[in-house]
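Pasting a structure here, questions to come.
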Amino acid sequence: MATVPLLSDEEASAEALAVFDDIRATRGTDYVNNFWRALAHDPARLRATWERLKVVMGPGSLDPLVKELIYIAVSTANGCEYCVHSHTAAARAKGMTPAQHGELLAVIGMAMQTNGIVTGLQVPVDDSFRA
Amino acid sequence: MATVPLLSDEEASAEALAVFDDIRATRGTDYVNNFWRALAHDPARLRATWERLKVVMGPGSLDPLVKELIYIAVSTANGCEYCVHSHTAAARAKGMTPAQHGELLAVIGMAMQTNGIVTGLQVPVDDSFRA
Amino acid sequence: MATVPLLSDEEASAEALAVFDDIRATRGTDYVNNFWRALAHDPARLRATWERLKVVMGPGSLDPLVKELIYIAVSTANGCEYCVHSHTAAARAKGMTPAQHGELLAVIGMAMQTNGIVTGLQVPVDDSFRA
Amino acid sequence: MATVPLLSDEEASAEALAVFDDIRATRGTDYVNNFWRALAHDPARLRATWERLKVVMGPGSLDPLVKELIYIAVSTANGCEYCVHSHTAAARAKGMTPAQHGELLAVIGMAMQTNGIVTGLQVPVDDSFRA
Amino acid sequence: MATVPLLSDEEASAEALAVFDDIRATRGTDYVNNFWRALAHDPARLRATWERLKVVMGPGSLDPLVKELIYIAVSTANGCEYCVHSHTAAARAKGMTPAQHGELLAVIGMAMQTNGIVTGLQVPVDDSFRA
Amino acid sequence: MATVPLLSDEEASAEALAVFDDIRATRGTDYVNNFWRALAHDPARLRATWERLKVVMGPGSLDPLVKELIYIAVSTANGCEYCVHSHTAAARAKGMTPAQHGELLAVIGMAMQTNGIVTGLQVPVDDSFRA
């Protein structure tokens, strides 16, 4: 259970509902996931988070699917169960193949492994990296 | 300073030197960075790590540059200074533009932010994500 | 399920029960939460942890409610589900309002976001901070 | 060294300089710290981050000093050296006393300790916390 | 639920089944735990992970039980619920006593606590440690 | 630089000096490392931390060297540079060999790797582990 109630459409304020409607229109689905329903207690913060997410995760110099993979990587390193599930679903909706998912996990594992070894060894940064 | 000495070519064993040589040949540079010199105390582990890295970070269903971005994301979430520096350098060598770097950081920041909010809210995973 | 059994009052030793009783008296409730029941296998450690907690979380130069907010912040960053739930409940019992909870989460999210961006950028510490 | 150059006033764009000026005016100091100079490569992101920070860290139902303490707590759990330094300086500027700093660290330490023990024990969340 | 299906013996490829069989033979049990069934979608990665695990966790200059304790410590700090459960079970199978388990948790808690305090204080590394 | 001054023997209070003296006597060295000098601003907390450390890290059902290895593992996963250096030095002082250090790092790396893969896969805990 969440530490706050998840607000249904009926319980959400008009301001929050307007954000839900934009989420629905942007994603082309009627479904509004739990994260937004938990945020809806504070409509201003709900809107700010959603507006920022649209900008950050939208098309740019990186592909939206690549952005989802990066999101999964961060969420995995931080151990955020919800975020891993929601962004794995989002990546699949954007075309992530099983092979890509497998390679993503392999890179995450490799990075975690060397992060640990490097930190245990306290390897000093090479001058050549600083440019 | 590292918790172990970094081995120069002169100090490394023949077995470790052979890995250094493969690193040089694979990357087309004479430079062997500190991580490998710290690992060289145990040539078998040095080789296993390098061989695995070549497989994981090489071409596949994900582009090598995308893999570097994922590596940076994990290393950032884990706070590994050396890894952030070395893989940012590697990503640049593979063509990462300043705009891509900026978007990478924006996605990392967004993921970190929502990871924190989701965990603080303990949002339950939507059934629709479980498929 | 826990990695050790949770001890009921009947299963706890006399030494552990004495700590349970102090928890009850201090909090003015008959309820002893699972954390203490899991710790009760080692009554000396149970007592040391409880005695320390009373000192650290009690009144001082910081308000007990503020201390709970700090506790939630750390627990969130560390991804400790149990701790987030137990200290959110404790903060509510000490008077945390929904608005304060919302602002706590906003600060946690902001800090997580900039932690990630700063680490990805490896921003050097300003001399002016070192005083 | 940062992974990007820190932009001086001379190197920053007009758009970035406008944010620098707002930082100066808001804080009543001519000094603009390194974080903003590293972000200045992308003026839109610089502005979005600064505007959001002003809202989140400003007065509300939580005191601005309390918000700084929460920020330090998160930054400490995430191991962000820069953030610990910058927000410890900010907390002092907002009146944090040595005694408050000491208690903050004690709460952080206590939370870290029980986060570890709880996770190692996998203590199940009490039903009574879910409300 | 996992983000990928767990493969039964019937669903696994011949290559994956061969790894399952080696897991069974090595451990002297018919049971293959969920981690390997989730990895089985990519038999090459399944084999590489299992082969590496056998080498790393096998006898050497550190006792296999000590290695399990270290594994639990890392998994706890990273908040990996599955890993804490699986390696606590493995440590018990290798002879971990309740007293050893209690001391392990006490050391983890002590380390977490001082990690937090040291990071909050930004204590500089003593020259005497660098040798 | 630390976020608080490190107190010399001359600057420390009589109460803090008494703890310094016990550290010296216990370790058989005149050297008091920076962590204790940073904690010395609050003599009560200094004493509580030192007394607890002596109990937790002293002989018991786990060997003091094994406890240092566990401490390094946690500190590495948490990215605490100071703690990695100080406890690596402590482990060496208690007899850690280069081969043991290498195996410790290999186990840390393996655990980090599988922590990441397991979290990315969200592998459900096997019923057989819950006992």
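Every chain is named by a letter (A, B, C, D, E and F) in the order it is written, and numbering of its residues begins at 1.
One rule holds in what follows: a residue touches a chain if its C-beta (ideal position, glycine included) is under 8 Å from a C-beta of that chain, and two chains touch if they have at least 3 such contacts.
Predicted model only: the values in this text are computed from it and were never measured.
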Q. By label order, what chains touch chain C and chain D together?
A. A, B, E, F
Q: Go through the assembly and pull out the chains touching chain D as well as chain E.
A: A, B, C, F
Q.
Under the over-half criterion for shared residue numbers, do copies chain B and chain F use the same patch or different patches to meet?
A. different
Q. Out of B-D and A-B, which chain pair has the most contact pairs?
A. A-B
Q: Rotation angle, chain A onto chain D: superpose the C-alpha atoms of these two copies and give the value as a multiple of 5 degrees.
A: 180
Q.
As a quick test, compute the distance in whole Å between the mean CA positions of chain C and chain F.
A. 21
Q. For chain A and chain C, what's the span in angstrom between their mean Cα positions?
A. 27
Q: Round to the nearest whole Å and give the separation of the Cα centres of chain A and chain F.
A: 34
Q. Of all the residues in chain C, which ones touch at least 2 other chains?
A. 1, 3-4, 52, 74, 76-81, 84-85, 88, 104, 106, 108-117, 119-122, 130
Q: Chain touch graph shape: choose line, ring, star, complete or other and state it.
A: complete
**Q.** Residues of chain B that touch chain A when the two form their complex
**A.** 1-4, 6, 31, 33-35, 38-39, 49, 52-53, 56-57, 60-62, 66-67, 69-71, 73-78, 80-83, 85-89, 97, 99-100, 103-104, 106-115, 117-126, 128-131
Q | chain D to chain A touching residues, read off their complex | A | 1, 48, 52, 55, 130
Q: Sort out for me which residues of chain F touch chain A in the complex.
A: 72, 76-77, 79, 81, 84-85, 104-106, 108-117, 119-122
Q: Would you tell me which residues of chain F are touching chain B in their complex?
A: 79, 84-85, 88, 98, 101-102, 106, 116
Q | In the complex with chain A, residue positions of chain E that touch it | A | 3-4, 41-42, 45, 74, 78-80
